[in-house]
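Presented sequentially are two complexes of chain A, the first with chain B as partner and the second with chain C.
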Partner chain A sequence: MAHHEVLSPLPGTFYRRPAPDADVFAKEGATVKAGDVIGLVEVMKQFSEVQADVGGKVVRFLVENEDAVEPGQPLVVIETA
Partner chain B sequence: MTVEIVKPGLATTIQDAGRPGYYNVGIPLSGALDQYSFRCANLLVGNDENAAVIECTLLAPELLFNVAAIVAVTGADATPRVNGTTAPRNESFAVQAGDKVTFDFMRLGARAYVAVAGGIDVPVILGSRSTYGLGAFGGFQGRKLAVGDKLPIGKPSAAAKAGRQLPAELAMPLPKETELRVVPGLYFHRITEASADNFFADTWAVAPEADRIGYRYKQGRPLQWRDRKQPFGAGSDPSNIVDAGYPYGSIQVPGGVEPIILHRDAVSGGGYAMIGTIISADMDKIAQMQPNYKARFVRVDMDAALAARAEYKARLDRVRKALA
Partner chain C sequence: MPIRRLLVANRGEIAVRVLRAARELGLQTVAVHSDADRESLAVKMADIVVPIGPPQAAKSYLNVDALMKAALDSGADAVHPGYGFLSENAAFAEKVEAAGLTFVGPTPEAIRIMGNKSLARATAAKAGVPCVPGSDGVVDSVDQAVDCAGKIGWPIMIKASAGGGGRGIRVAHNADELRSQMTTAQAEAQAAFGDKSVYLERFIRRARHVEVQVLGDGRNAVHCFERECSLQRRRQKILEEAPSPALSAQTRTRLCESAVQLAKSVGYRGAGTLEYLYDDESREFFFIEMNTRIQVEHPITEMITGVDLVREMIRIAGGEPLRFKQSDIVMRGAAIECRINAEDPEKNFMPSPGKVHEVILPGGPGVRVDSMLYPGYTVPPWYDSLLAKLVVHAEDRPSAIARMRRALRELHIDGVKTTRGLHLRLMDDPRFQAADFDTNALEGWLAERAPAPATTTSP
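Moving on to the complex of A and B:
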C-alpha cells in the first residue's frame, strides 16, 4: 500500500465537479483508474482536466472545491495496491 | 525541417518582437509578452534577437523535432526534458531528429520561451511573425498551436551552438510578489485622493482570467470616483469616459473594482478611464505573474520611468555581450 499524490499541472481554480449541480468526478473512498478525471483547473477562461496518473483508492482530497491552486500542488491522495 | 506539436499546452503561440506602428488602425503590438526572456532565448541559440519563438503559457507543450536543432528555453521555471532526460534552462542544447521535448510544470513564472536556431519561419505579416489571436492573423495560422501543427524552422546561423549559457544574474527574476511602477494619468484626477492612496497601499492578486490581452488584479479596495455629471458620449458608470485611445500598459478599472493592465494584445481604445500606465520597464514582470501572484503598484514620475527604461536597456546590452 503506497500513497500517491496527484499534482496540479497548472495554476488556477480547482473544481471537483464538471458543473455546479453535477456529481463530483471522484468521491473519497472510490476507486479510480489511471487516466480518470479527478477534477478541473480553470485558468484564462479555459478548463483543463486533471487526470489520476495512477489507479487506486481515493483516500482524500487536499484542496476544496474552488480553491486556488499552484502548479505542482498536491490535489488528492490515491492509495495504490 | 519542422517541429511538431504533440500536446499544445494551455495557450502556446508563435511570437517575436511584435508589430508596432498599427495601433491607430486597431492592431496592437502583439509579440512576446516577456520581451527580455524572448531576446535571451534567441541570443542563446545564435539567432537574430527578433526571431520568432514559441511562447508557452502556464502549461507548456510537448514538441517532436523532425530535424536536429539547437534549442534554448528561458523565462518561467519549467524544466525541459529531451526524451525524458533533464535539459538545462537558460542554456542552449542540441536535440536530434526524432527527439521529444517535454516540460515539467511551471514552478515559478507564467511564460517560457523556446527558441530554435534558425527561428520559427512562419509568414511575416505587417512586419512581424507574432500571433494576434483576436485578429486571427500572424504566427501559425493566426491562432494558438494545436495537436499536429508542424512549425517550419529557418536556417540556423553560424553562431548556433550548444552550451551557450546565460549568466545566472542575467536570468529573468520570477518572484511571487513584485512591485509594478505606475505613472499616474490620463484620468487619475477622476479618483479621490484617499482612493488613490488605497490603490497604491493595497496588495493586489492576479485574477485567473489574466492573459495576453489584459492582466486583471483583485483583492484591493474599490476605487472612489470624484462626483461629476457624466459628459455626453460617456457611459453612466463613473469609471466610463468618452472613448479614448488606450496606451499599452494603461490601467483601467471597470466599475472601479478590479484594475486591468492592458498588455500586448489589447484593444487600442474604448470607454474606461485609465488611472495610470505601467512603465515600459515593468511590463515583462507582468508576463511572468501566475494567477494569485501579488503586486503592489508604486507611483513614479516620468523621470523615474525613463531611468528605469535606460536600466532595462543596459541590462539587455549586458546579455548581448555575455552571449556574443
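Moving on to the complex of A and C:
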C-alpha cells in the first residue's frame, strides 16, 4: 500500500465536477484507473482535465471545489494496491 | 451630449486601445481593475483608477453594480464596454443610460434584438439579407422533412432544436438518407437534450467566415468592407485578414451593401459586425448573426480603410453624426492580424500565464501592435490568453504575408509560451498563401502536424 499524490498540471481554479449541477468526477472512497478524470483546472478560460496518473482508491481530496491551485500542488491522495 | 470623462469597463489590450482613442479625443480617462490587474498597463495609463473587486470576472468585470458605482464615483459621463464581459449585455447598457450616462454602443433594444438568434434572423430576412436556407421552425414528420429539404436544397443538416455548439447535427445528401436519418436524429435529440424536436438547414461543405464592419449613427450607416476570419481553432479566431481573398469585387459589393441595409433597418448606432457564412462552391453568402460591439480584429479594418473605429464610436455616442459617406470609405491594400496568445501550440495550446521578462515588439513600416505587455508584467491566469495583436498592412496580400513574417521574427516575448511559432508556420504554408481554406481548415492542418489526443476542452 502506497499513497500517491496527483499534482495540478497548471495554475488556476480547481473543479471537482464537470458542471455545477453534475456529480463529482471521483468520490472519496471510490476506485479509479490510471487515466480517469478526477477534476478540471480552469485557466485563461480553458478547462483542462486532471487525470489520475495511477490506479487505486481515492483516499481524500486536498483542495476544495473552486480553490485556486498552483502548478505542482497536490490535489488528491490515491492509495495504490 | 459631448463626452468629457470616459470609463472603460474592460481590461487587457482592448482597455488600452479604448484609452488611446479617448486620449486622442481629449477626454479624461477612467480605468477599472480587479485585484489581479492592479499593475496593468491600462491602470498605468488612465487619469483615474477605480478598483472593482476580486480577480474572478464574475465578481469584477461582470459585476454590474461595482461598475455602476465606479462610473458614478469617478464622475464619468460615459462608459465604453470594450468586447466580451458586459459589451453585449442589454441590461447593463440600460442601467448606464438610466443613470444619465452615455453607453458607447448601440441602444439596449438593438443589443436585445441582435442577441436573439431567431429575432436577428427574422430582422435580417425582413431587410432582404439572405440567411442560411432552412425549415421554418420544427419539422415533425419524415414526409414533411423530405418535402422541405427539396425546397431548401441538398445536402441538408438535421439539427436538434435544443442542441448547440456543433452538437446534435446529422447530414443527409438525398431523400433516402434523410428518411433513414430523421427518426434516429429525433431519438438522439430526445436522449441527449430531452427534446426530440429537430429542424433543417442547408449544409455548406466549404464555408468561410466572412464578416462586414458597419458604423451607424442611428439614422445613417456605412460599411468599412469585410474581414476574413475562417482560420479558427475550437471556434476561436486565430488569424484574420482584410479584405477576404475569396470574394470577387461584385460579391463584395453585394455582401457589404446587404450589411448596410440591415444596419439601417434597425437604426443601428455605433460600430457593429455582421457575420456571414460564404459558400466557396456556390458563391452565396448567408447572414448568421450580428455582434453589437467593437471586435478583437477591428484593427485590420482600420488599416485598410484608415477609419479609426473606436474614435468614431465615441464621437457617435457623444451625439455627432457619422462623418463619412460611403464613397469616402476606400479600401487600400491588404491587412493581416495574428493573435499572439499565451498558449503553447506544441502542447495542445495549453495556457501559459506568468511573468513576462523581456518584450521586444516589432515596428517599422506597416506594422501595428495592440498589446498590454511590458517587461516585468505578470499575465494573470484569470482571463483570456490574448497578449498582443500583431497587425500588418501592405499594398497587396503577398506583401502583407512577407511583412507579417518579418514582424513575427522581430517579436520576442520571454517568460511565457506564445502562439508566435504557429503564425510563422502559417505564413510559410502554401495553402495559406493560396488562401485555400475554410472554417475547418486550421484544425485539419494542426492535426496533421501533431496527432496528439485532445486534453483540453472549452466550455
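Here is the rule we go by: the second predicted complex is superposed on the first by the 81 of 81 C-alpha atoms of A that agree within 3 Å, B and C clash if a C-alpha of one lies under 4 Å from a C-alpha of the other, contacts with A are read in each partner's own complex, and residues count from 1 in each chain.
We adopt the following convention: contacts are C-beta pairs under 8 Å (C-beta built on N, C-alpha and C of every residue); 3 or more make two chains touch, one makes a residue touch a chain.
Model, not experiment: these values are computed from the prediction.
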Next item on the list: Could you check whether chain B and chain C clash or fit when both are placed on chain A?
Entry: clash
Next item on the list: Going by the touch definition up top, name the partner, chain B or chain C, that contacts more of chain A.
Entry: B
Next item on the list: Determine, under the contact definition given at the top, whether A:Glu79 touches first (chain B), second (chain C), both, or neither.
Entry: neither
Notebook entry, point to check: Just chain B (first), just chain C (second), both, or neither: which does A:Glu5 touch?
Noted result: neither
Margin query: Contact-wise, after the overlay, does A:Phe47 reach chain B, chain C, both or neither (first, second, both, neither)?
Written below: second
Check: Should A:Asp67 be classified as contacting the first partner (chain B), the second (chain C), both, or neither?
Finding: neither
Next item on the list: Could you name the one stretch of chain C listed in 148-156, 166-174, 184-192 or 382-390 that collides with chain B in the superposition?
Entry: 382-390
Notebook entry, point to check: Which chain A residues lie in the overlap of the chain B contact set and the chain C contact set?
Noted result: 10-12, 43-46, 48
Note to self: Touching residues of chain A toward chain B in the complex: what are they?
What the structure shows: 7-13, 42-46, 48, 68, 70-72
Check: If you look only at chain A, which of its residues touch chain C in the complex?
Finding: 10-12, 43-49
Next item on the list: Within their complex, state which residues of chain B touch chain A.
Entry: 10-11, 57-59, 105-107, 208-211, 290-292
Item checked: Complex contacts: residues of chain C adjacent to chain A -> 342-343, 349-351, 353, 381-385, 455-459
